[in-house]
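Read through the structures below before going on.
Two complexes come next, and they have one chain in common, subunit A, joined by subunit B in the first and subunit C in the second.
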Partner chain A sequence: MSKIGFISATRISVIAGHTFTQLVRMKVFYFLVVFAVIVLGSQFVDMSTLGAVTAVEQNLRVMKGAGFFAMNMFSVILALSATALLLPKDIEDRTLYTILCKPVPRLDYLIGKLLGVISLVTVGLLVMDGLFCLILNIRVEAMVAEQADLLTRMGRSVEVIETHAAAIRDQGVTWSLQAGVIAVLLKAIVVASIALLVSTFSTSTIFTIIITVVVVLIGLIQAEARDYFLQQQSLGMSSPMLEMTRWVSLLFPDFKLLGIEDGVINGERVSLSLLGRVSLAGVLYAAIYTVLSWFVFRRKEL
Partner chain B sequence: MSLALKLLVVLAVLACFGWLRMPFEQRLSQELTESHLLSPSFDRESRAGLSQKGFVASFGSLRPMLAAFTALSTTKSHGNSDWESLEQALETTVLLDPYNAYYWDLGAWHLAYNASTSSLENDALAPLQRKALFEQYIHKGDTLYARGIAARPRDVHLRLERARLWSSRHKIEDYPKVAQILQTTLAECELSSIQRSRIRGDLFYTLLRIPERVNDAYVLGRELYDASPTNRFPSLLNGLCALQMHPRVTVDKPLAMSQLYSSRSEALKNLGNYLNDSDTHKPRYGVEGLVKRMRSVDGN
Partner chain C sequence: MTGKGVAAVEIVDLVKEYPSSFRRKMFRAVDEVSLRIEPGEVYGLIGPNGSGKSTTMKALLGLVAPTSGLCKVFGCDSMKVDARQHVGFLPENPYFYKHQTAEETLKFYGRLCGMRGKQLAMRIDALIELVSLQDARKRRLGGYSKGMLQRVGLAQAMIQEPQLLVLDEPTAGVDPVGSRQIRDLIFQLKEQGVTVFLCSHLLEQVQEVCDKVGIIFNGKMVQQGSLSELTSVDSHTEILVEDMDEVTLEKVREVIEQGGGELLASGAPRRSLENLFIEIANQCGEEAR
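Let's turn to the complex of A and B:
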């Protein structure tokens, strides 16, 4: 009997492709209609003037906030539910036995499944991003034209009009906006890999979803626990709270680290170096959870 | 290997991985916060104040959305003159979205202008109480401007609004403070040539109103005058004319009246307006006599 290679790109891509098709057939992309409604609706929100304080860019911030919130919600829910469903569904359909009785290492199977989900989330995010950028750009250009007209009538110089236009465009479709979308994707990838790990020892889909949601929620406040732990430790303090925050910092991922879209919504610029390091953090989290999934799953009796 | 043992190994690996990644996470988190890409973490007190919202807001991109909704709630409190609720809503808003200058501006405006005036006109309070509350709200508004500037040091608008507050004749005029704010803005912010010129102009009008700094006002006024003919607004020319006659101002080569004004009638008109201005802080030393002399010459 010939020895099977540990990881095969061909095998993984076949499993990923099959998973992607399987998920697409579940008509998951219907959520895009809801996304379109949220983004289209958000452009009618007018928060540029509250009392005497006016900032036309505020409407764009609200629109970006709604867009990113919807992207986050859909991609995370999609990643979580699709991954949580994978193993139970494959067992139920007996597909898992058909695959694993062939010379397919379990690691290839898990990576293939995860990549299938990631492909689905990526396609979904690309469509959402495209739609979002299109609507945002239309809104920005309309706003620039409106402001230019207003300032011209007020007799302002070309330089002043251009400065206003630049300030509005800074809140529009920029490279940093795409960096924010990458961060959303990273978050979904990490959620999917956690769900994959949980599903390898879980007894039901609901259990997988609940445990993953709990891990994500704790991960969202992990940074605060870490800050507290490091601060107290540097002071030489010792308390049950210190121990608790130590274990939260060690065991849970820092989801806040992947939330750079908060800054992007306010028009902050994301440098390539920072995006690279945020991506590295996301990929490292996903890699470690995938390896651990394999460790639990490799000799599991099915 | 049993499942329990496997899970123990998983936890051990996660703990080791956590120990290795902690310094990287901490450094990156600090850098992202410094570059305003991440909002600062809530401290325990803030989180307790936010209650359930704190957890919801932890989820990516929900903080700006929640901030927008809490900012909207200030409109209702404003309508009801419920300044305590308004203050609470503002605190929550700026806590949720500290890098959005709009909320600092909105909060400071509500407290320094609306809450202060409302307190001053509140008949239910004793006169001294009204005055104390009026001043208290102005200072609270100023504190919000200062916190907003600390959160967004490059934001010029917040700084100018703060300067506007302390130069408002309906509030508490404090020209030395205005001058300090404008000078800091010129020193610390990236400004376009138009913005720089405008702020320098504002600084001139401010220094003009501080008796101890009339000499600085003259130096700056001359710089603005010499820099470009487009700076020569009547207010600048009137200020320079008045300062040249001021006993505290040292002038090497004073500008002749013909350099300041294109004609005698224009000089009379502009200086007349300068004298009639209700702002008592402008230096008027010698201006009245000059106008009288010009009028008497005209009469001859």
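Let's turn to the complex of A and C:
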């Protein structure tokens, strides 16, 4: 009897491809229509643009904020619901029996499912990003033309007009904006891997969703909580909560580490090294949760 | 593939316990079950609901870990993935991904087994024909009947031409004609040297196809052996005669009594309801053609 490899890229790709098709046929991409409505709607938010670059930038910030909020929300919801749905459904429908009775190691199955969800979120984000960049670019160019016209009429020099235009374009489609989208994807990947871990021991989709949401919420606020208790300590007020937040940081992901969109919305540039660190943190979190999922799932009684 | 003298299936003192609701006491679903199936044999495991048939099968497929004892498939520990290379499994009332067609389903399972390209396409064509789903091969499984799903299940179990086929209630939900087809298929597989391990409630069907039978009750193997060993009544002799009149029958009775025996019953043998149904279905089919 020949040996089956511990892990196989081919088997993983078969399961990932199948998961992607399964989710696409569940018509999950309909949410893109809602996203388009939000992004198009944010265009109509108009603050006073009476020659002030700050007001123009503020308009673009609102637009970028709405875009990132929608991208974050849809990618996290998609990653969470798709992952939470898949494993319990396979167990309930007994399709898992027929898969695991083939020469498929359980790790391949888990990674395949996770990659299928990640592919879906990536495609969804690419479409959202494309649409967002297109609309943002149209808006930026319209603002640049409008401001140039206004400043020309005010008799400002070409240099001043060009400086104005560059400042507005800095708030538009930039590489830093794409880095922000990558951070959104990384957050969705971490959420999917948490949902995968929870679904290996949960018995229902709803339980998986609730527990994952709780973990994500803790992950979102833990940095603030830690900072607060550290501040208390520096003021001489010792609290057992500080020790607790240290334990929490070991068990739960710190989503603040992955959050670079706020800077991007404010027009800050994201350096390559920062993007590398954020990517490393995201991939590391996802890898840890996937390995933990495998530990739980490898001996799970079906 | 298999060494000489290696059993297709070997289960030794298998015990499987599950925690009960309050986790104080363990519930023993399978209690020291042992069985051995030689390559090419058809083994039927029968027993009432909840007797431990499916759990035994799951342990053999590595879906549950034995509490104690061992399960081997062609000499390989069933908990190892390698043991499943030559195994096909049809679960009871199988469900598949509703979004897929029969063809896509078989392609998916075939690719999981490492099959590719022309080899896989040819195997899918052959299996779809074998389970008579040619007209429905491009339809999504969401619209399939229970019997059709069972046939898809059987086809996926056979996709990689396994040497051992594990069938849990293979004819559940299948009409008598389909049920007969499955029976014929098991005979065909047996001729090809495939080992079949099945469990069923349909005792008549088990009797028809199995070489060996095991009877499991409350998790314990109560009896097992070859069909002839288990079903023959040693003190009785059966004679089947064609075209005999009453006078001759009386003479036969006298001869039996002279020899110290007793004629217990005589009369026209009855065909089974299944045979009658198949006969009528075939007739109707021919008339329709």
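Heads up, the rule we're going with is that the second predicted complex is superposed on the first by the 280 of 302 C-alpha atoms of A that agree within 3 Å, B and C clash if a C-alpha of one lies under 4 Å from a C-alpha of the other, contacts with A are read in each partner's own complex, and residues count from 1 in each chain.
Here is the rule we go by: contacts are C-beta pairs under 8 Å (C-beta built on N, C-alpha and C of every residue); 3 or more make two chains touch, one makes a residue touch a chain.
Not measured: the values here are computed from a predicted model.
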Superposition on subunit A - do subunit B and subunit C clash or fit: fit
Vertex subunit A, arms to subunit B and subunit C (CA centres, degrees, nearest 10): 170
Which superposed partner A:Thr95 touches (first subunit B, second subunit C, both, neither): second
Contacts of A:Gln58 with subunit B and subunit C, given as first, second, both or neither: first
Contacts of A:Arg299 with subunit B and subunit C, given as first, second, both or neither: both
Touching partner for A:Val104 - first (subunit B), second (subunit C), both, neither: second
Subunit B versus subunit C as contact partner of A:Asp129, first or second or both or neither: neither
Partner chain in contact with A:Val270 - subunit B first, subunit C second, else both or neither: first
Winner by number of subunit A residues touched, once subunit B and subunit C are compared: B
Which of subunit B and subunit C A:Arg25 touches, first, second, both or neither: second
Distance in angstrom between the closest Cα atoms of subunit C and subunit B, superposition on A: 10
Shared subunit A surface residues [contacts with subunit B and with subunit C]: 299
Interfacial residue positions of subunit A with respect to subunit B in the complex: 47, 50-53, 55, 57-58, 61-62, 64-66, 68-69, 71-72, 157, 159-160, 163, 183-184, 187, 197, 201, 217, 220-221, 223-224, 226-228, 230, 247, 249-252, 254-266, 268, 270-271, 274, 277-278, 281, 284, 288, 292, 295-296, 299
Residues of subunit C that touch subunit A when the two form their complex: 1-2, 18, 58, 61-65, 74-76, 81-89, 91, 93-97, 99, 108-109, 111-114, 153, 156-157, 160, 166
Touching residues (chain side subunit B, partner subunit A) in the complex: 1, 3, 6-7, 9-11, 13-15, 17-19, 21-22, 24-26, 28-29, 31-32, 35-39, 41-42, 44, 47, 55, 58-65, 68, 71-72, 74-75, 78, 97, 99-102, 105-106, 109-110, 113-114, 192, 194
Complex interface listing, subunit A residues touching subunit C: 1-4, 10-11, 14-15, 18, 21-22, 25-26, 93-95, 97-105, 299, 301-302
